[in-house]
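Paired with chain B in one complex and with chain C in the other, chain A is shared by the two complexes that follow.
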Partner chain A sequence: MQKLGDFKLPHFFNYPPYFTLQPVRDTREKQVQLWKDLILDYCKTQKIFVIGLEEDFALFSNPVIERSLSHEAREAFLSALVSEGRAEWLNKGHRKCLILWHRVQDWADIIFRFVKDNGLEDSVMTVEEIRSGIESRGTELHGIDRTILMRALRVLEQKGKLAIFKGTSADDEGVKFSM
Partner chain B sequence: MRRRPGIGGLQTAAAARDQYRLVGENVAKIRTDMMKEQLATFRIQLEEFARKHKNDIRKNPAFRSQFHEMCAKVGVDPLASNKGFWAELLGIGDFYYELGVQIVEICLATRPHNGGLINLQELCILLRQRKSDREAVSEDDCLRAISKLKVLGSGFEVISVGKKKLVRSVPTELNKDHNEILELAQAQGFVTVEEVERRLSWTSGRAIDALDTLLDEGLAMIDDGHRDRKRRYWFPCVSSNSTPVADT
Partner chain C sequence: MATNYLPKADLTSSGRPVFLQNEIECSILSSVDLECDDIPNFPLLKSGLLILTTHRLLWLPDNNSSSNSSSSTSTSSAAVALPLSFLTHIFSTKKSVKTLFHSPRVRFQASLDPSKSVVMTVVMRGKGDTDAFLAKFWENWRARAWENDVQTQTQAAVVGSSSVSGSGPGSGSGGFYTREGAVRMVGVSGILRKEQEMWESTDKSLQEAFQDLNALMSKAKEMVILAEKMRQKLLSGSNSKSSATNDDEVGSKEEMQDWLLSVGIVSPVTKESAGALYHQQLSRQLADYVRIPLERAGGMINLIDVYCLFNRARGTELISPDDLLRACSLWEKFDVPVMLRKFDSGVMVIQNKSHSDEEVFARIKALVTNPDTLRTGISASDAAMTLGIAPGMAKEHLLTAESKGLLCRDISPDGFRFYINLFPEINTDDVYLVKDYGIYNTWVRVASASRLE
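Here is the complex of A and B:
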């Protein structure tokens, strides 16, 4: 099986026609499903949160079989993820895509557990500390995309589990947990 | 016995004929009885053999195949019914029944990829991957299981294309043109319109028609990514998925 670093690539990745958008509906549906799963899987294991359509994202081409996804194909697969709520376009031009390999709600649950596990129920942390502090090491929160983190925090804020406030320094926000 | 002239002689001859006929019938009966007995003995010995070699029959596909041949010669079909001596002793009926179910599952699962046509070799590989108790499965076993499926009217069929056998699990009928394209595709896993025209001496229209039908049926996929810009029609059912494909 071919690998990309540590990641095991599925068989279809080596089959040239999968790199061309299929015209027949049933075949296309199967193709889209395979690519959606692959993208989510890969992003999750590599902790990739944003995909730029015109950038060199590893999955967009396979040098072994000399095939690359056209811009149209890339957009089609990512749009499918967006429709499913597993991704969001970051701008109108559909050039950058935020990948939600965990949904925002899942991230909220992860933060909740993180706070409980570390006994932080009544404490205060900066947003940056949540994603890169010592406690975050070895957890999924480490290195999380800031946009996604803020969304998840707001979900918890809506439920009254925490409060977000502007920090003393100009560039960071703080969180007061009350779980 | 000396023939004696006169009525007495005729009566003797008639009596003699009757006697010969009786003997003849007896001989025929004895022969039939002997044969029945031989056959019964043979059947008993076959059953004995099956009992003794039950494990080998279950574990070894080559042995199993030869066993089937032996049974066929004697007019015994271990698969004929799920009840009775053979099924109970060997569980052979179950073996093929389970195999049939797995074949159906695999065909359904791979249908989105290959359009309902799968290479027999690939089917066997996938079957062996699934079998948790590591009983070997041969192509012969697959063919037997599929022929049983056919009897159930499930629409399964084995077709020959060139040197390969394909298992069809959809009602799609392949005509001769389609078959020829599939055969052509076996070499590299794909064809181009140009190639079809050239090698089969068809008009462009005929080639495109056939290829489009195969595309619509889900048996082919298009590939526009080659640097020579020629569209390729790939056929998942003729290539093995386990080997990476690269064509220059």
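Here is the complex of A and C:
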């Protein structure tokens, strides 16, 4: 079976029509479904948060059969993810797409569990510390996209579980947990 | 039964009369009754189609107007034909106050059997140029085209070289000799005579000119007869094909047959002859004509090809693409074995009603599921070669098969190819799962085997 790094690719990745946007409705629905699952799966294992439509993305081309997705097809599959709430366009031109292999709400739950597990219920952390600190090492939070993290933190903030405040330097923010 | 009194006329499957050799259709009128008071129990021949040809007067029951279709079975009037040779007299119509209120009618005398002659009446209830019909009727009756046939046929039967014998008109022109220095020209009477001579000579040259035309036309007729004969010969020859000696001969024979098959339609429906019924009659004639090309094209033929073939067969009486389209769309209303079909792409074709897509799909499926094509897919030209049809047509079939979910496409720098549709076979819950059987399994094995090579 073909692999992309340590990611195991399904057989149909070598099926040429998989790389052409199918015009017939039923066929297309199935194709879109398979692509959505594959993109989410791949991003999750590879910790990829953002896909740039104009940049090379390993999944979007298959050198073995010499096929790659057209721009239209890329946009179609990512749009399908966006409409399901599993992705978001980062700009109006649809050039970059934020992939939410966990929904924002799920990310919030992960943070909540992380705080509980580490006994950080009443402590203060910077946003950077959550992303790359010692505590988050080995968890899914490690290396999380800043945009997604901030969204998840805001969800928790609205529930009164924490407070976000401006840090000493302009580009960093702090979080005061109160779980 | 009508056939007791009048000979029955043969019709084609689409309701056009079967013409005799050299018979040409001249005029068509609708809603015509044929009456005969002299014969008791003369069948009710009401509101049918009257077709005047050079040889016969045909009356066809009108079965395409839906209101009539049920009642026509009760009267059970079959198409009848009255050979013009039976006619002994055509009565001229008297113009009177009465005729203004009546439907126009034409009366004529015909001897159906040697002992007895009867008077029959054609009553025209529909719109149509009655006077023109009458004029044509007279003309055709007087022309006695059927007698020419007997002549030419016997001539043709003697030797194939009948065309050189120059029957009649050509040699007849020798009879027009010029009068040499007949009268001296004196005075007013001289001038008048000169005038008259000039007039006479113009008249003569005009006549000669037309005679030449007639000669040409009769020659053309002979050529058609000759071609017809050769075609018959070839057709009968192809039946006993076992005697064919070598491929080359067969090939040239087939080519010749091809040529002759397109020799043409002897009596094309024209606007002049059919008038308002033009499209309807054209439609029926087209349905008859298209049968053979359709058979050879495998049950489906492009409209553009039909247009070319049909016009070629018609020779000089060309029709416009618009007329063709209208003739085809009229098929829905008639009981004909062919139909017009429009593909999603807009391409229009003519196909047999019995033609089934299922059969084509089955062949396409067989084509895309062999080990090679499973891996590489097929292009329209691959399909065209295997199915024995034009690439354009093959593409339409592939696209239809795609829309039915049988195939799916692959567009790449290599071109536009079609593959068997594997998407339904893939399990969305476990994308790595491949069942132990089925087409997906076969494909996986074929695809991975090819990569190991």
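Everything that follows uses one rule, which is that the second predicted complex is superposed on the first by the 179 of 179 C-alpha atoms of A that agree within 3 Å, B and C clash if a C-alpha of one lies under 4 Å from a C-alpha of the other, contacts with A are read in each partner's own complex, and residues count from 1 in each chain.
As a convention for this text, a contact is a pair of C-beta atoms (placed from the backbone, for glycine too) under 8 Å apart; a residue touches a chain by one contact, two chains touch by 3 or more.
The shown structure was predicted, so the numbers you read here are calculated from the model rather than taken from an experiment.
Partners chain B and chain C, once the complexes are superposed on chain A, run into each other and clash. In the overlay built on the shared chain, the residue A:22 is in contact with chain B and with chain C. In the superposition on chain A, A:118 makes contact with neither chain B nor chain C.
Within the superposed three-chain model, A:11 lies in touch with chain B and with chain C [touch as defined at top]. In the superposition on chain A, A:45 makes contact with neither chain B nor chain C. By the touch criterion stated above, A:37 is placed in contact with chain C alone, chain B being left untouched. Clashing C-alpha atoms between chain B and chain C turn up only in stretch 109-117, chosen from 37-45, 109-117 or 163-171, once the structures are aligned on chain A.
The interface of chain A with chain B overlaps its interface with chain C at residues 11-12, 14-17, 19-20, 22-24, 26-27, 30, 64, 66-67.
Those residues of chain B lying in contact with chain A across their complex are 112-113, 115, 190, 215-216, 218, 221-227, 232, 234, 236, 241-242, 244-248. Looking at the complex, you find that chain A touches chain B at residues 2, 11-12, 14-20, 22-24, 26-27, 29-30, 64-68. On the side of chain C, the complex with chain A involves touching residues 377, 402-403, 405, 408-413, 417, 419, 421-424, 426, 428, 431-432, 434, 440, 443-444, 447-448, 451.
Those residues of chain A whose C-beta lies close enough to touch chain C in the complex are 1, 8, 10-12, 14-17, 19-20, 22-24, 26-27, 30-31, 33-34, 37-38, 64, 66-67.
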